[in-house]
Every structure is written in C-alpha cells, then in structure tokens.
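Report on one structure; see the data block that follows.
Which chain is which? They are A, B and C, in the order written, and residues in each are numbered from 1.
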Amino acid sequence: MAFPSYAGKLEKTWYYVFRIICGLVLFFLMAPIVVLIPLSFNAEPYFTFTPGMLSLDADAFSLRWYHDILSNPQWIHSMKNSVIIGFFATILATGFGTLAAWGLSRPYTPFRVPIMGLLISPMIVPIIISAAGMFFFYSKVGLSQTYPGLILAHTALGIPFVIITVTATLIGFDESLIQASASLGANLLTTWRKVILPLILPGVISGALFAFVTSFDEIVAVLFLSGFEQRTIPRQMWSGIREQISPTILAVATLLVLFSIALLTTVELLRRRSERLRGVKPS
Amino acid sequence: MRLVSKCATFSLALISVLLIMPCAVTHAGDAITVTSFGGAYTKSQLEAHYKPFSEKFGIKVNSVDYNGGIAQIRAQVESGNVTWDVVDLETQDITAACDEGLLETIDLSSVPAGADGTPAAGDFISGAVHECGVGNIIWSTIIAYDKTKFPGEKPSKLADFFDLKKFPGMRGLSKRPNGIIEYALMADGVAPADVYELLSTKAGVDRAFAKLDTIKGSILFWETYAQGPQMLADGEVIMTVSANGRIFNAIVKENKPFAIIWDNQIYNMDYYVVPKGSKNVKNAMKFVMFATSSQALADQTKWISYGPVRKSSVPYITTYYGTSVSMKPHMPTAPDNFKTALANSPEWWADNQDEMIKRYNAWMTK
Amino acid sequence: MSDQTSQITTADGTPLKLSLHRAERAKKIRSFIFLVPTLTFIFITFLIPIADMLFRSVHTPEVRALLHHSVKSLQGWDGSGLPDERAYHALAQELKLLKKERTLGKVALRLNYEKSGMRSLLSKTARKLEKIHEGPFKNKLIGIDKRWGERETWAVIKLLGKRFTITHYLSAFDLKYDVDGNVIAQPAEQQIHSKIWLRTLWVSLLVTALCLILGYPVAYLLATLPLRISNLLMICVLLPFWTSLLVRLTSWIVLLQKQGVLNDILVWIGIISDENRVRMVYNMTGTFVAMTQVLLPFMILPLYSVIKTISPDYVRAARSLGANPVRAFWEIYVPQTVPGIGAGSILVFILAIGYYITPAIVGGATGQLISNFIALHMSKTLNWGLAAAMGTTLLAGVLAIYWLYNRIVGIENMKFG
C-alpha cells in the first residue's frame, strides 16, 4: 500500500487499525445472516454448533428441517399467502406508483412537493401508527381479517417505494423523445409503450421489487389486520419465535436469505442497465 | 423490448396460476368455524369435540387458532363481518365480551342434562353456565419446578416460590398480572377466600406488590404459555408459574423432570361462546351443546389434563391417550389438588384489569 | 386600430395572453389527472384511517349517546356537593333501559377506563334497580352503593358526557382530571407511560449515536476504496438491508441467548464459566444490539453518498500546510460530511422511535418501547382511544422531526440501495 510521503509511523499503524475496525463493523452486519445458514443444516434440534458440525462430520448435517417445512401445512399455507398478497399488492402498487411518478415528473404539475409528501407518507409514518389506523378503520368497513384488506394495506405501504424509484429514473428524461415520437405519427399509447416504458422499465421493475419485498417482509399490519386464514411467512415466524424456536425457522430463514440475495442482485443489475440506457456513466 | 414482452408474458402466467389457486377458504356446504388456542389444547378439542360432532351431524368444523382476548371478536362484530362461529374464550374475557354485547346469549333451558340425568343447573360447577357461553374446561395456574435442580428438599408450597433464601434461583412469571397478584397475597399468608376482598382496597394491592418486590431480582418474564415450560427445560429458571396442562404434557409426553405445586392453585374456566352476528348461529349453538355434554367433556381429558366442568363427566374420565396414565389425579379438581384452590374472579378482573396492567407494567420495568 | 395592435390575438381572435394562460392550465390539469388515481387510493386506504385514528383519540360518543338524559341533567351541576334528584332519576331510568337493551357494557367499559370500578358499579346498580320502580332515587342509589354519594363518580360521568375530551392524551402522559377538573398526576405506582416515552427517546438517541460511530468509518472506507473492492464490501451493507427483519431477529436470538453461539464461544475460550452464561437477549442489551444492526445500513448509505463526493485534495492541502492528521480530519474533513451525518442520523432516529417488532421480540420485559404499549392497548387492554392518542402523539413527533429532515436534506433526495 502506497502511503502519502507525509504519513508517519503512527499513521500507518492507524491505517491498519482502521481497517480492522471497519472489518469488525461489517462482520457485525453480516454475522447474523451468515450464522443461520450452517445451523439450518444441523441434524440435532439445537441452535448452536454441535461438536460433530465443527469437525465437519457428514452425519451432523441433515436436511431434516427443510423436509419439515414441506411437510408442515401451516408453512405451506403461509407461503402461499405471502405470494398471493405480495403479488397483488405489487401489481397495484406498481400501477399506481408509476402513474403518480409520471404525473409528478411532468413539468406543469401544480403543488408537486405537498403531493409528493402525501403520496410517500405511508413510508414516513411509523408502521405501528399506520397499522393502528388501518385496524380501526378497516374493522369498521369490514376489511379486517380479509385478503382484500391486507392487499390494500400492503399496496398503500408499497406505493412510496415505487414512486421514489420510478421518479429517480425519470430525472433527466428527455421530453423531446415524446415530441419526436408524436411527430413520427405515434399516438399516446404507442409512445408510452414503445418509448417511455422501455426507458423507465428498470425503475419500474426495481420499484415493483421494492413493493414486493415491503409486502413480503411486512409483519405489523399483518399482525393487526390478518386473521388466522391470512397468515403470511413473517406472521408464522413471529409466532414461531415467540412460542418456541424450532430449527425449522432457521431453514425458512435460510431460504429467505437466498431469496434476498437474488433480489439484491436483480435490483443491482437493473440499476446498471437503467444507467446505461439513460447514458449515465456507471458509478 | 424483449425485456418488456418477457415481463408481460411472465406476469400473465403468474396471474393465471394465482387465480386458479384458492384465494380464501370456501365455506362449502354446512360448516362452522371454531376458534381456539392452538397446540395441544386445540388437538384435544379436535379429537373430543370437532370430529365426533362432524360425524354425528354431518357439519364440517374448520379449526382456527388465536391468542385469546376479545380484540378480534370486537373487530368482527363492529364490522358486521363475523367469520368465527364458535370461540373458546377465557374466564377473564367472557364478562367483558358479554357486557359489550359482542356475544349471542345462550338459551339456558336448552343446555342438556348430564348423562346421569342431573339437570344442567345442578350438574355444572358454579359459574360454568354463563348467559353468554357454556364452560368446557377448568384449567389452573400452578407453579412448576425442575426436580433435578433441587437435590435436597423440594419446594411444596406456594410460599416456597417466594422464598429466595431456601430456594435460590431464577423464577418465571407471566407478563400479564392475572394470577400473579393473587399468588403474591396468598404467599403472604392471606386465605384464598379473602384475596379479592383485600385486593379491592389499595392496601391489599400495595401488599401484593410489596411481596412481589421481594423476588423482583430473580424473575424472568414470559409472554406466551409455551414459553414457561421452555424456560424451565432450558434451565433459564428453576421454577415458573404456568398452566397445569402445559406442564402435564412436558412431563408425560416429553419425559421432562418437572413437578407441579398445586398449593393455592388458581383455577379458571374456558367457555364456548358464539360471537354476535355469526352466520351459522343455529349450528354453532348445536355445537356448543354437543361439546359440553358429559361424554364430550370427559373425552377431552384423554388428550389434555384440564378438568371437565360437569360433575357427571367424572365417571367417564379414563387414561391419557396411548398410555396407561390415569387422568383423575392430574385434574385440577382432584380432591388432593383442590384443597387450597382459589377461583379466579372475572368480576374483579373486569373492573381492575386496566389499572393492574398499568401498575404491573410499571413494576416490571422498574 | 391602436386597440387591436396593443393586444396580440391568436387566429380565432382570443387574446394571446389568455390563450397561453388557458393552455397552461389545460396542461396543468392534464398532468394532474395522472395523480388523481393514486391520490384517491392513498386517501382511502391510508390517510382516512389515520384521520379516523386522530378522531378516535378525542371522540367520546358512548356516554353522551347512551346516558343522554343523565348527562343533560348534569349540565347545571357545578361540581360542588352532589347533583340533585333529577340526575339520579335520569340515571336510574337509563341504566334500567340499557340493561334491557344489553348496551350497558359499552358505557361501563368507557367509564371504567377513566375510573376503575365504574364497570361493576354500573352493572351492579342496574341489576338492583330492576326491583325498584319508584323514586326518589337519590337515597336509593346511594343505598345500593355509597359511591353514588361521592362527587368523583358524578364528575366522571359529566366529564365523559362531552362529545370531545382529551382524557386519552392526559392518560398517555400519566395525567388525569381530578374531581374539580384540574389536571393532576396519576398515582405514582401507576405512572408508566412517561417513563416509556423517555426511554424511547433515550434508546433512539443512543442507537443513532451507535450507528453513527459504527457507520462513519465504514462509509469512509467504502467511499475511498477502489470501486471493485468497495462494490464487493457494499454487499455486506446491502444484504442485511434486503433481508427480512424476522430473519435477522431470529438470528440474533440464536447468537445471543444463554445457550447460544456467542455464549458457547465465550465458555469455550474460557472467559466465562458454563454456569455464568451472560444474558444478552430478552432485555435492553438485546434491543440495542438488534436495533443497531438493523438500522446501521440506513446510516451508512446516506453517509456514503455524501462522502463519495468529497475530494481528498482538501485534507491533503491541510496536511501540507502543517495540520496533524487528527486536526486535518476534524477541522477539514468532518465539516464536509455534516449533510450526510444529518441525513443519516435523522433517518435512523425517525425509524428508531417507531420501532415495534424488534423490541417485542428481543426486548423482554425491560426493553419495550412506546410502540409496544400502543400495541398493548390495541390488543390487550382494548383501550383503543388511548392507543389512538398515543399513536397521534408519536405521529406528531415524527412529523416534526421529518419536517426538520426536509429542511436539511430535502424530501426528494431520499434514495435506496
């Protein structure tokens, strides 16, 4: 490592100490995610490494907790619920969010800042308050403990994320492209489909992913709004953790970690693609 | 562009798959939804009540779990979207729910007589037939301890739970004050009969909390009933307040070295109730009457150690399912266990619950 | 002619100014139309529920509606001495009616939140009144229960007979009205909420500070390393951000519990003995550790985006002018990162004061925050009005801080990933 000429001995020592500190912080961030994965293959119903696991004895590892997920109707049911609710909430949030982002980015839109504030308020308001408000109101109108109730709640919570990501891709959007398209004879729908959408698509998809993760990971609204029938994965984990941690939870958690790695990769690839499309230099 | 069309195709495929998937449970034909606490307890109801009921009347029973309390019932009744037909409700909640008008009233004349012919009024123990529900079990708040942690003298009285000198070690208590306040007073020498009268005075409550203060440093709190035995098994505590059924299961099914202190047990009842506005009131009532018959109540004891609320059920109590463990001595109502018992007072709790929860929380976080 | 030349018109004769104005308005409306569906949706599914909650926190309809006549006849009562026979008569009649209609519970419950014991007093009185048909009721009611001869009982009925009261807000801060309508503190042993508010503030501040201390070096490192390596390390920040909260909490329990991985390691190394395993979860420690880890990415990301734009030249210049490294860092570098520090800190703080799930799972009895009490009142004590009042107070706090955030960083600069 090349140090500047003025660097003293102390400074060089500090350089390494500093890196060690950073390493420790990064370890602190990653440790809880990494430690789950080997433990989920534990052959014994313990939450710690058995001597067999440490000596890499093949018998100490097993897939029994993964089999457990598949044979437990409650987990399967909650997975179905998470996918159903997440899917519909994502579709709705992406539609509403993209439309709003487009509206917000039009140069003539009045009251842009207050409207933006209102639209992203579900993200700002602490979730317990949103859940409380929704619980009181949805109970009144008969939406609590129903699928539509949860889908609407998750849509509202997901919309801000779509608006923000799509707005980001619309920054620097070249208005003349629309005029060019119109002058070549395309109608509004064609322009939207063939010109605008492809350009903002990466933003829309990552917005949709954000909305999906929001719904998929959401637990507070689910706690208050869902009945037993609408249990999602986080709800199932919540009761699992509070009643009795079975290693099955570790297996589910490991699967969810893999899932988040896949999502993270997708979002990162989309971001790069978007920057390339818009001609921004990759950062 | 390829990305666009790919995405569109993918979404379409996903939509069509999801639409075919069942979105909600369909209530086809005659069916009722019975809500209870889950785990081994629901299992006992499933075997002793739901299955025989379905066989006899051809009405399907959907089993749903919840964590107790009346928040969800209130939400359903307020919205007019009542999806639960029968709910298993605890003593402390039935009074409040009934007062609030959240439950259908029971036609007291339709509660059947016992199998030995005793009319319902004389057959049920006092309080078990409520204007808004019919009792099914008696369960008890008890103290459980780990025998292996006491090589010498073993604790045998409630007072031992509060005696840190004689039996040092961590104790488990619930995060809700129900039962705990009463325990503290009885451990301080108050007779069960005087507990609630004393608790209705400020001095009585102060005395209970003063007693709790003496063990404050050695307490771990648990939230759900499953956590008590778990903490005992993990060695986090040496004794804990718990429910007798949970500990029985740990002893008999999981061979844990636990024992129960029945001294000053506090017994509660669970009731079958019908939320107001249920879409199947008739079938729901039919279920309530069936499930609280002498035989059905006795059958439940094959699966869990909670006592039947009908006296006429006692002769039908046999052994624990799949074992030769006789259930009679494990019932809260067994004479040996019942000597110093205290009946939980739903009236007192309905009045003082809010104040007690606040004070107990303040005490916990002190 | 002069008239026409001074006013430029379009082909159809409209003045150009007006025509432009119209066109602009049409454009405004056309752009606004894109916003209408989403605004409507957010209004119905989100803003109305929040407004409904605000309303619920001050609205007390039960007593006014169900004890209508009693409340009316109490209007003239000045609070000194006992009300007159009119009030006793009205109350007796209404209690009988409510008992018959099975709606007594609602009133009793609401009054009981304000004064313990009111619930049973009402139901007991209503039960005994069934046998009493004639007045005067004053002595008869006092005969049923001597509390009907106390001013406090009537003061509560009068107080809650108003359409709107702030009793829930008082209760949220351990205050209440006394019999003469003065605001006083609740009995010391029942004071719980103000302590929890303070604790929530304190925990949030400390977590913010911890995040800043831990996050700053990492953000600096990420911003100054070559892109290839920093992108790789960035995964360590982003992956936790994308991982389910419940997964991370499960993992912290596994790591920190008494029979957990960390304790095992400590025992194995020999730092602690097997009997003296340390309790690191289900208490305040658990809340701190888990909250810091969960919120750290929210600190690192805004810091990183600010630090990345800072040129190293300034520090180099300071050094060449003779500043020692500490001084160069403290006086030249840190001030340039203040926008990032501000943004990250406020973001973490806002998120922290609303935290519910993390303290609920790893906080045990001593690590609970204000959100947990809101949930307690929603699902256990069923005092929805109090839950709403506490929620509204928290919301007001968050919005105030958010307003500050907006002033410092700007709402539109929010970024993810």
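Definition applied: a residue touches a chain if its C-beta (ideal position, glycine included) is under 8 Å from a C-beta of that chain, and two chains touch if they have at least 3 such contacts.
Worth saying up front: this structure is predicted, and the values here are computed from it rather than measured.
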Chain separated most widely from subunit C, comparing mean CA positions: B
Most heavily contacting chain pair (counted by C-beta pairs in contact): A-C
Core chain by centroid distance, with centroids computed from Cα atoms only: C
Whole-Å gap separating subunit B and subunit C, where each centre is the average of the chain's CA atoms: 32
Intercentroid distance (Cα basis), subunit B paired with subunit A, Å: 38
Rounded Å distance, subunit A centre to subunit C centre (Cα mean): 23
Residue list for subunit A, restricted to those that touch at least two other chains: 135, 138, 140, 242
For subunit C, residues contacting two or more additional chains: 259, 378-379
Residues of subunit B whose C-beta touches two or more other chains: 74
Of subunit B, residues touching subunit C in the complex: 69-71, 74, 96, 98-101, 175-176, 206, 209, 220-221, 234-236, 347, 350-355, 357-359, 361-365
Subunit B-touching residues of subunit A, taken from the complex the two chains share: 80, 83-84, 87-88, 91, 135, 138-147, 193-194, 197-198, 201, 205, 227-229, 242-244
Residues of subunit C touching subunit A in the complex: 24, 27-28, 30-35, 37-39, 41-42, 45-50, 52-53, 56, 214-215, 217-218, 221, 233, 235-240, 242-255, 257, 259-261, 264, 293, 296-297, 316, 319-320, 325, 350, 353-354, 356-357, 361, 371, 374-375, 378-379, 384, 387-388, 391-392, 394-395, 398-399, 402, 411-412, 414-417
Complex contact set, residues of subunit A against subunit C: 4, 6, 11, 14, 18-19, 21-22, 25-26, 28-33, 35-36, 39, 46-49, 96-97, 99-100, 102-104, 106-110, 113, 115-122, 124-130, 132-138, 140, 152-153, 155-156, 159, 161, 163-165, 167-168, 206, 210, 213, 216-217, 219-220, 223-224, 234, 237-238, 241-242, 245, 249-250, 253, 256-257, 260-261, 263-264, 267-268, 271
Of subunit C, residues touching subunit B in the complex: 102-106, 108-109, 112-113, 116-117, 119-120, 123, 189-192, 195-196, 199, 258-259, 282, 364-366, 368, 373, 376, 378-383
